[in-house]
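Each of the next two complexes has chain A plus one more chain, namely chain B in the first and chain C in the second.
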Partner chain A sequence: MEKKLVSSLREAIELSGLKSGMSVSFHHHLRNGDYTLNAVMAEIANLGIKDLTLNASSLFDTHAALEDHIRNHVVRKINTNYMSQGLGRRISEGLMDEPVDFRTHGGRPRDISLGITPIDVAFIAAPTADCAGNCSGKYGPSACGSLGYAFPDAMYAKKVIVITDNLVSYPMQGWSIPEIYVDYVVKVDAIGNPQGIVSGTTRITRDPVGLIMAETAVNVIRHSGLLKDGFSFQTGAGGASLAAASFLKDVMLKENIRGSFASGGITGYLVDMLNAGCFESLMDVQCFDLKAVESIRTNPRHQEISAMQYASPAAASAVVDKLDVVILGATEIDTDFNVNVHTDSNGCIMGGSGGHSDTAAGAKLSMIIAPLFRARLPIVTDHVSCVSTPGRDIDVLVTQRGVAVNPKNEELMLRLKDAGLPVVDIRQLKETAERITGVPAGIKRGERTVANVIYRDGTLIDTIKSI
Partner chain B sequence: MGNIIRQATAGTLESSDVFVSLEPCASGLEIEIDSVVQKQFGEAILSVVKEVLSEHGIDKGKLTVTDRGALDCVIRARVETAVLRGKGE
Partner chain C sequence: MIRSMLFLPGNTPNIIVNGEILGADAVILDLEDAVAPAEKDSARILVRNALKYMGFGACRVTVRINAIDTEFWQKDLDAIIPVKPDLIMPPKVSCAKDVQTVDAYITALEEKLGLEKNTVGLIPLIETALGIENAYAIASASPRVRAIFLGGEDLTADLHCKRTKEGNEINYARCRMVVAARAAGVEVYDTPFTDVNDDEGIYTDAQYAKSLGFTGKSAISPRHVKAINEVFSPSAKDIAYAYEVMEAIRIAKEQGKGAVALRGKMIDAPIVARAQQTIAMAEALGLGREA
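Then we have the complex of A and B:
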């Protein structure tokens, strides 16, 4: 057995056998605080390696240096599940010759495990590791909590390099990814900036519009028939979604309902619900704040799950398929309930599905929570500029001016009407918004395809054009 | 009725607000609009700005409108406030 611990990133890359035209991968738990992707790509560029496929679970504005690597042909192709707006704008302007392939948090591990997107060398940023590569995100100065999205990379890449800034003696205790998958270990000064990795606290909204939507969202859940013992739930980290979680906690405690689990990206609000007895367990693929990191480190009921267990359609079973209710956001939703979370209203890339379409497909009740308009732009349109999640998977839209139920879910429509909730036709919400904002002029899209949106089952659901 | 006699501003750069700045200009009316919803509402914004200026009889002045997605009623209010300040009223 050769020695795994090597002295530099450069040495690890050389030993891995990485060559031009191959594929490298990264996970995004260090989010906008990540140093490793930039450091690795700089070394790769220095080594003169070109034409790589970059497979990253998400990309943030801190990865802006990728622009140079794309121009210099170090990176030829990008596969990702999410891209924040800085890099997104460059891609939309036509930076790359080949379109970006967007997948979902479930579709990415599916395609890695099926060999559709093979990875030659995976780079795993690990907040703590030992010299054999046993590693975890729960401990160390750059602790990020769960390493869920890195599991498929570790398990299926031909070579795996663990990069850590907290090397501990063998065997480390409480590892998440075991040494059996790891080829090389590199110690660096810092894998990320803790302030960008997790937010200190995620806060619920104080915006009255957001609070009204959150209250309505909880009323929809109460009257859906799903809120009973064994209830399972997921929500995003947006202000109104967190407010809904907070209101839901009050209802569950008051009515003494004991849920089964909450899943996904985990915030302190869900930790509070776990500790208050609202859920038996948290199923955590990524931690969003320090409270979640502390909880996954100390509470055995707060469990780390891999991206496959979270959402992969190729897994024998996955958590998303056990969900009762998911609360999701939207930049646009059309009158057929198709949702866009990839582009802004100018057609510019500023996001991605993440787990949006995975949870929407799995959950019994998929709820979109969104204001009628944002900065004068109505949320409900005739046709979304990009279909991220198909309307067939969306059950209800909650706004501050009423609730629109997808006509395919007749039972929910009747239940909400009987409960006296303000149920309206989705086209009526569009008209209400346009009466206030005016009717927006249509946006001209470019000719070139800059990104493909690949649904979780591998089919092409839409393409994104240049701006 | 009257003319712009001093530099004046109104509004903020918060989302859904608009920042209006104006100053005297001897040669005529200059309107510059920068909006996050330029493509969708650029013409609508220009027309409401012109409407407010004409209501106040302003035909000379330099007006800069930095819009963050304000509704018509907000744009009207901000432009009117800036005009009244600029007229010294």
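Then we have the complex of A and C:
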């Protein structure tokens, strides 16, 4: 067998056979603390390789150096599921010749596994690995917890390079990704700063409006008929979502409800719910804070799952399809319940679906929590500037001034009305917001398509124009 | 029926815009202490426009203007009176004349603008030693006075003592305020509890204020509103007892009895008065017999 452990990134890249025009991939578990993508791309640029397709599960502002690689034609095309606003603005301004293809956390592994987006060389930042490439995110100084999004890259890329700053003797204990997929291993000084993995606010909001929404959200869940033994749940890392999780924990403990699982990006609040007995298990595709990292390392009931198991429509079955309730955010929602999480009020890219569309499609109750307005802008509009998740998959919008139920879910509407919750028509919420903020002028958009929004089943759901 | 009065800084549009949904029976839009001198004009415009264009639904609106020894208070009233708040709160009121000065200015404005007279009430903020001693005179200084309001922070500075969580240092002032207000036939509101992170302390403080006879209490944080509303609402037990008292009175009248006993205790006029107050409060709050 060929020796896998090589002395440098450069050597690994050369041995992988990477050439101009090929495709490289990265995962984002180190989030804004990731050093690996920048280091690899710098080495690739030094080697004079150009016209690459970059397939990254998410991109953050720490990856700002990509701008130069795009200008220098090292990167020609980007496939991703999320892009934070720094790079997003540059893309929206027309930095790239080819549009970015946005997918979902389920759509990405689907398209990798089906060969729609083949990967020539996958670079896997691994907080611990052995010389054969068995690796894990649970251990080491850069521990980030789950490596869920890296699984499809490892399984389907033609060549796989594991990059670690914590090389342990073979065989490492408790690996996540096995050596069978790995071609080369490189030891570097640091793959990232795990402090940077912290997502969202990770603290319960103190904003009274956020707390009101969280309380209402939990009341919606209580009266949905879904909160009973076996309950399954997912929520994001925003302040109001975390407050909702915290309130939900109180309700579940008080009413002695034993849930089945919570999934997705895992925060310390979901760990608390697991430890308090609210759930049997956590299904973790990525850790949002270091408490979650500690938990996945030490608690067998906190389980790592791959992106395919999490959400791929091409998998035989997936976790999202077993969800009872998901709480999601929105930058805009329209009167048909279509949700935008890709662009800001100026039409500038500042996010992406991530698991939004996947969980909304799978969960029995998909709830959006959003304040009725942010600064001067109403959140409910006639038409969202970008459809990230189709309205057919959204059941209810919770705001500080009422709850709007999608008319398709008549049963939920009746249940919430009977429970005395402030159910209002979504058009009424829009009018309420506009009475306060006024009607914003439409955004003037450019002609060029700077991004395609590809739904989890592979269909083009929307395009994003230049600003 | 105002149990809770929530202070909102007059220069924070993102907070004011959500004022009506924070659970308080009334908001106090503050143009005084919460607003730096350089921002007085913008806060005044913001508060005026919020009242003019937005409204606060069922939530009653008080505007705290600047004190009459400043250059701002008349401009405050010029801007705010035309948009008809429920109450104006003049701060640092120390004597009846302070109230009458504000009253006269509002009356002149009402005449000038052709507004219905005396619709805007006053809730003088009493926060000096002299003001406490003159509390009855202040409470009865004008028919516009609907309530008086205790300001504990400035008062303790004037008393040369430290403000504590227990509040022993303002005990006399609290009692004096309640007696003065009731003697004048107006409502009386307690100073805010200032530790926004003490979720237990707000209950204790509000319960004590209620036990002294305060109508309600103010808050500087929305987090305290729920506790205040709970404490100043009649309990289910109180409501049930009040209805029992009134039923016993009705039966006694039918039977032509003079003296009425309920569970072995004589029901006299003050008990009936309290029962009537409780029922009136419960009805105003939409609390039924089973509440």
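What we mean here is this: the second predicted complex is superposed on the first by the 463 of 467 C-alpha atoms of A that agree within 3 Å, B and C clash if a C-alpha of one lies under 4 Å from a C-alpha of the other, contacts with A are read in each partner's own complex, and residues count from 1 in each chain.
The rule is short, and it goes like this: a residue touches a chain if its C-beta (ideal position, glycine included) is under 8 Å from a C-beta of that chain, and two chains touch if they have at least 3 such contacts.
Bear in mind that the values here come from a model prediction, so they are computed numbers and not experimental data.
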Based on the superposition on chain A, does the combination of chain B and chain C result in a clash or a fit? clash
Considering only touches as defined above, state whether A:Ala375 meets chain B (first), chain C (second), both or neither. both
Quick one: is A:Gly94 in contact with chain B, with chain C, with both, or with neither? Answer first, second, both or neither. neither
Could you tell me if A:Pro208 is touching chain B, chain C, both of them or neither one (first, second, both, neither)? second
Examine A:Arg401 and indicate which partner it touches, taking first as chain B and second as chain C; both and neither are also allowed. second
For A:Gly21, decide between first (touching chain B), second (touching chain C), both and neither. neither
Who does A:Asn346 touch here: chain B (first), chain C (second), both, or neither? first
Look at A:Arg435 in the shared chain and tell me whether it touches chain B only, chain C only, both, or neither; answer first, second, both or neither. second
Let me test your reading of the model: by the given contact rule, A:Ile443 touches which partner, first (chain B), second (chain C), both or neither? first
The only stretch of chain B that collides with chain C once the two complexes are overlaid, out of 19-27, 37-45 or 73-81, is 73-81
Contacts of chain A common to chain B and chain C in the A-superposed view 375, 436
In the complex, the residues of chain B that touch chain A are 15-16, 36-37, 39-44, 68-72
Going by the contact rule at the top, pick out the chain A residues touching chain C in the complex. 206, 208-209, 211-212, 373, 375, 400-401, 435-436
Name, in rising order, each residue of chain A that touches chain B in their complex. 345-346, 374-377, 436-438, 440-441, 443
Touching chain A in the complex: which residues of chain C? 14, 17-18, 21-23, 54, 221-223
